[in-house]
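Two complexes follow with subunit A in common, the first pairing it with subunit B and the second with subunit C.
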Partner chain A sequence: MEIDIVTFGKITEIIPNGMMSFSGLTDTDQLKATLEQRYPELAGMKYKLALNKTLVQENKPVIEGAVIAIMPPFSGG
Partner chain B sequence: MSERYSRQLVLQGFGVRSQNKLSKASILVIGAGGLGCPALQYFTGVGIGRIGIVDGDHVSLSNLHRQVLFNTADIGKLKTEVAFQKLTAANPETIIETFPFAIKADNCLDLLENYDVILDCSDNFGTRYLLNDACALLNKPLIFAAVSAWEGQIAVFDNNENGLRTNYRDLFPNQPGSHEIPNCEENGVIGVLPGVIGTMQAAEAIKLITGIRKPLINQLLNYNLLDQSIYIIDILPAPAGSYELPADRIEFSTRRYQEISAGTDSDIIEINVEEMHDLINKGSTIVIDVREIHERPSLSTKHIQVPMSAFDSSLPDEINEPNIVLVCQHGIRSLAAAEKLRSKYHGQKNIYSLAGGIARWYGQL
Partner chain C sequence: MANYRKKMSDKRIKNIFIKGPVSPSFIADSIGKHSSKTSIGAHQIFLGQVRRDEVDGKTVTAIEYTAFEDLALEKMHAIREEIFGKYPLTCMHIYHSLGTVKSGELCFFVFTSSAHREPATQACAEVVERIKKELPIWGKELFEDNTHQWKENK
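Let's look at the complex of A and B:
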């Protein structure tokens, strides 16, 4: 399954932007676990996912072509 | 109505009604830095009735590339004082109120209560969570923005009682720890970025006050300066139990909103400049500047320099003084250094970090 990954801030340095292949996953919880396995640095960071431009607050189904944004908090001003 | 506002008065959908709403409105801007400077200038320009500015810092040379209200001759002056002069000169019809100190849990609610709209133009998570919780408690609209390197975030948390209600904790429930935050020097920012984002904050406030079109309520706008892209997501409330907002004033005042959270078992004490001088005068105290060699201004207080980039290797093998005071530019790296020393000395030393860093106590060090 191909998922479009959009990253922000420091996360862009860890995870590349663009289409990424996954197999055997069906929801955002599994996607999170897979991403943290592929990119262990992510597990130590604070971040939030958005699925098709809506914030993910509970486990949601993920289908082919979904757009997942991965956003860290910013503090600068 | 005055010629001053003639160009916006003729705007379709704006008119005298909008101008009256703006002239009756009051806005509190927390932080007269990269975000706050452009926002303050446009608020004054558009004719906001009353503007409050909260900032305890003094202007420094490294501010000038992004803090466009200040010039070279202002270095060392209080930001609020310079802002007052420049903004009052730009538009004497706008009342400017200044609060030259840091916002804290004990002064926050009283300050916020006197304003219609709150702008978070701060530069640290402690203040951001403090403002978020205070605005949620007081039902005050909060316009949040933050920047990092080439990117910015902006969101409007309306906090009115009607409809969907979200706040910053729905995005990030808990304050990040010090190890999760890039340090103040390392991260860097191009001056024009907070210029863009601070101007967007001003635009959102004007939309919110006049009721013209829809502000970014319950939305997070991500901006990337390098490709001029905007990515807006809808914010939904987090499931119950994800976080707890203070239920009332008493609970709010007893919460700890540190500039960064230094861990739960912290025995690091954050001190102000007077407490630092008291320690030095008592003797048996060493001051360690953890900034990089090229950073300015230099400290006139007696100290040793142990840059954070080579902290472990440059730290003297033996420190005889029982009291160690760590300082950096904004008091963020010094807390991280204090944590390192805490694990090294296991309670054998009294470890202090200068809150707010050299930027806050400019001229007193």
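Let's look at the complex of A and C:
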């Protein structure tokens, strides 16, 4: 399954932007676990996901072509 | 209360982002535009300025801001509606920089107005806190030797 990964802030330096292949995952919790395996630095960081421009507050299903944003803590102002 | 909410709900999502610093003349013009709104008795303004912080002997020369713009503007719209539902404001204007803002320049402008001072003061403070916490915006602090660190909000 191909997922479009969009990263922000510090995470842009850890995970590249663009389409990424995954297999056997169906939800955002599994996606997080896979990302943390592939990018161990992410596991030690605080971050939030957005699925198709909606902040992920609880586990959500993920389908082919989903756009997932990976966001470190906000630091505007 | 319901009136304030209705007034805002009619409005579409506004952009708050401007490229580069917020200029002092823009702020002055913005204040000037309110002279025709004669029900206003109080304005409250918050201005964020890029600090020339020193970190391990290096100084911050600028902050480069990026945002997840769509998500930020949706969230800002929701915050705006909540604030108008909570306080009897006449108006509220918000601007945040994107791109590079040098130390000493302004990066954030929140401007609230009401008939009497209390709602403007409280709403302004609350909006500043909420924007810093809830809007997907990131600051990259640039040092003079071209290295950087990612800003963290206190």
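The criterion applied here is as follows: the second predicted complex is superposed on the first by the 73 of 77 C-alpha atoms of A that agree within 3 Å, B and C clash if a C-alpha of one lies under 4 Å from a C-alpha of the other, contacts with A are read in each partner's own complex, and residues count from 1 in each chain.
One rule holds in what follows: a residue touches a chain if its C-beta (ideal position, glycine included) is under 8 Å from a C-beta of that chain, and two chains touch if they have at least 3 such contacts.
All values derive from a computational prediction rather than experimental measurement.
In the superposed model, A:65 makes contact with neither subunit B nor subunit C.
By the touch criterion defined above, A:44 reaches subunit B but does not reach subunit C. Counted by residues of subunit A touched, the larger count belongs to B, out of subunit B and subunit C.
In the superposed model, A:76 makes contact with both subunit B and subunit C. With both structures placed on the common chain, the touch criterion links A:16 to neither subunit B nor subunit C.
Applying the stated contact rule after C-alpha superposition, one finds that A:57 touches subunit B and leaves subunit C untouched.
Residues 6, 8-10, 50, 53, 55, 69, 71-77 of subunit A contact both subunit B in one complex and subunit C in the other. If you check the complex, the residues on subunit A that touch subunit B are 6, 8-10, 44-46, 48, 50, 53-55, 57-58, 69, 71-77. Against subunit C, in their complex, subunit A makes its touches with residues 6, 8-10, 50, 53, 55, 69, 71-77. The touching residues of subunit C, when paired with subunit A in their complex, are 48, 65-68, 70-71, 74, 96, 107-108, 128, 131-140, 150-153.
Contact residues of subunit B toward subunit A in the complex are 31, 33-36, 121-125, 128, 145-149, 151-153, 170-172, 174, 176, 179-182, 187, 189, 194, 220, 222, 224, 231-239, 242.
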